[in-house]
Amino acid sequence: MLRPRSGYNQWVGREEYLIDPSVPTYEFTDMFGNLCQRLVAPAGDFSIKTSVLVKADDMSDTAPGAFFMEVQNLPCETLPFLLPSRYCESEHFTHLAAELTSETAPGYDQCAAIVNYIRNTIKYHPGIDTGIISATKVNQKSEAVCRDMAHLGIALCRALSIPARMVVGYLETLNPMDMHAWFEAYVGGRWYTFDPTQDNLLGGRIAIAYGRDAADVAIYTQFGDPVELTKMEVSVQRMTSS
Amino acid sequence: MLRPRSGYNQWVGREEYLIDPSVPTYEFTDMFGNLCQRLVAPAGDFSIKTSVLVKADDMSDTAPGAFFMEVQNLPCETLPFLLPSRYCESEHFTHLAAELTSETAPGYDQCAAIVNYIRNTIKYHPGIDTGIISATKVNQKSEAVCRDMAHLGIALCRALSIPARMVVGYLETLNPMDMHAWFEAYVGGRWYTFDPTQDNLLGGRIAIAYGRDAADVAIYTQFGDPVELTKMEVSVQRMTSS
Amino acid sequence: MLRPRSGYNQWVGREEYLIDPSVPTYEFTDMFGNLCQRLVAPAGDFSIKTSVLVKADDMSDTAPGAFFMEVQNLPCETLPFLLPSRYCESEHFTHLAAELTSETAPGYDQCAAIVNYIRNTIKYHPGIDTGIISATKVNQKSEAVCRDMAHLGIALCRALSIPARMVVGYLETLNPMDMHAWFEAYVGGRWYTFDPTQDNLLGGRIAIAYGRDAADVAIYTQFGDPVELTKMEVSVQRMTSS
Amino acid sequence: MLRPRSGYNQWVGREEYLIDPSVPTYEFTDMFGNLCQRLVAPAGDFSIKTSVLVKADDMSDTAPGAFFMEVQNLPCETLPFLLPSRYCESEHFTHLAAELTSETAPGYDQCAAIVNYIRNTIKYHPGIDTGIISATKVNQKSEAVCRDMAHLGIALCRALSIPARMVVGYLETLNPMDMHAWFEAYVGGRWYTFDPTQDNLLGGRIAIAYGRDAADVAIYTQFGDPVELTKMEVSVQRMTSS
């Protein structure tokens, strides 16, 4: 899952996907609209190199005060993102979510309060990934990676009946550079970006894939004999706009 | 989610869905193809009565020996059912699944071995539902409800790279009668029915909804003020075929 | 194509579909969201009887003055209904459509002017169907059936860049009773009902199927040896609302 | 509609889509699975430049003798391609199609006979496009462009109950080079390529879009003030395979 699509606030102007050695590759669209590629990797060295030129906003939209949407008014396509999922056991977060937002206006501000809570209690530490864990366990940690922090944010939003979904993609200003994960919440009639790992939403984001949680949007899902990942490099450069 | 659709091996000949008091109801199709109905229930007594006349097989198909499909040959639409989900943390069952099927031919027979394991270690006890739990916890119990046993079966199949999905519906011979849950596994090029709660697959089944696990196929998902369920009755009668 | 779905302004409360002699029937959803049934009819007498209880409005919405939507603002799902189709060669109606609406505010009122033109120049004559013809030929006639009049309306709307689609269904007040066809046009941000065969939009309508024109929404499409239609009866009754 | 997708027998390795001056562009997928781009072109000079690197076969598959599929066995997704459409009034070709294939085995060979008929009676003359016409009119001509010849082939196949669809794309060996159109017919359980303009199926083809006929797969559909097309250049180069 490495091929961004043109969509809201991003336009794919150029894209490349090189497989070496070249093998037959089949592309399909999953339930969430993500482009997925399937292939049988040969034994031996194998590499995938992708690059993409995307027109994106300098900063993600923010909307303090944007209203909470009553469940009956939510579009049908947002409903799957209200349900608990593998790494976002939202049904366990009812009390915490209520507590964190007891003084907060329903909607965007609740999501912002959740993000503040995560930022204040968990340190973003990109180097310490010890395997994928679910939101209840993330909540017991003092340090976490982007994926974990997104899971916690998603579980807390859903506990307030706010649809929330995982996004995997690129962030231009990420340091150190890597693939990145954040989440979006549906308030005020649209999806808004939230990122507990960053102080603000500056820096162009490129979404590659959307899902309920990391189980849906793994960069790759591998079956069969174990694969040794020998190198993974990610770089993002700002181009002068035409 | 109470409206069965015509599909493989079932044909809906007559169907009724009565809401009392009558309120505006909106119907949509979810990501799995299930028909869902949305409504705002008024305060006070509220009832939904559905009935359906379905032409179904007397016995679900079985296929001992049906082959295991290599992941690269699986149809794309089965792939979501290989991933871990909220109540089927399949990544924790790799060892157990391998152990249970060490002597078994890959494919249908592995699923049958999994079902045997569940039947032998967990007693089906329809009355003891103490809330929804996930497969790792089901595996520590000695008694369980149909939903729990299905979750365990699904998690074990997925751990063998066999797509498995939850089914909610009716079983004519269920005793005591109630809504029922079982699972299907994709082997030999199609979905087959498995039901750890029953000794065999006799008795017509009617599928209402399919999903990754119980989170996707709840009969109802309720938001807002708590609702008291005062009565739920399910009855299934065999009609003489025309 | 005989199975109405719950949707905007209609809720299917009870539905029946009886096939005699009973044969395996497969149901699927076409590109327009219509439920379709496929079956191989046996030699000899064969009948299909359907009935449906639907909650519908007493009168279709009207919206004089509703605005014309610029093409760039139309939802993507309306765009197929802007293109010429088999029986609605809209590209031939540019001049006539402009002429008919030269004094009319863009949007709903243009559609109403088109309907008036059809009513004034072509007499609705349900008994004279001489086979399906396209809009250019309809426009040369002085009498026509509902399907033909809808085709002409659709072609004229599309010639003004207003999305228009065919609807097949039931109309409670139709006289003589039969299956019926009308059209919908997309103005003011939603689909509105137009029916050149009726003086007004009183009388509950039940939509069975939507499409570009009659080619998409035939009640049945038959292949193989010729079938003799020996009887077709349609009846609609108003029920007291619960 | 200028963005090919990876699919059966083609893999998009690199792709570029440049708009000058740059304007917001929205991408969506139509009913046939084609990627479509929407934009509001500014007044003045405006250009779109696309390029794509695709891995494709040197020659399209052929399958003399491939069987005719009875309508009841056709996959549901092929059924729309059996119906008459704007430029392929297949219902008018029943007699001609039967006559052309009276000595021919049902299936692939019927399609081949249809292609032979078109080749023998109509000269491919790329320069003479006088506006889009439908298959009945094409059949009266002695010279035609690729699109017209495809329409005639599609109408004749459908008249034999063989699903047939329009393809727009590139053909490496086309002379003079331009966008190209051909058709596919569904026989022997899959889609096969047919091209009445070429003596054989040598030369890599890249499919950009599929549809019922040219109405569905126009390279661009333009609304609003007339646009003057000042230049259109197409070039295809064979790359050495990696």
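Chains here go by letter, A, B, C and D, matching the order in which they are written, and residues are numbered from 1 within each.
One rule holds in what follows: a contact is a pair of C-beta atoms (placed from the backbone, for glycine too) under 8 Å apart; a residue touches a chain by one contact, two chains touch by 3 or more.
Computed from a predicted structure; not experimentally measured.
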Interface sides of subunit A and subunit B: same vs different residues, half threshold
same
Quick one: report the Å distance separating subunit A from subunit B, using the average Cα coordinate of each chain.
30
Using CA atom averages as chain centres, what separation in Å is found between subunit A and subunit C?
44
Subunit C: which residues touch two or more other chains?
none
All pairs of touching chains?
A-B, A-D, B-C, C-D
Which part of subunit C faces subunit B closely enough to touch in the complex?
5-7, 11-18, 20, 22, 24-27, 29, 37, 55, 241-242
For the complex, give me every residue of subunit A touching subunit B.
28, 30-32, 36, 38, 40, 71-72, 76, 79-80, 82-86, 89, 161, 215-216, 221, 223-224
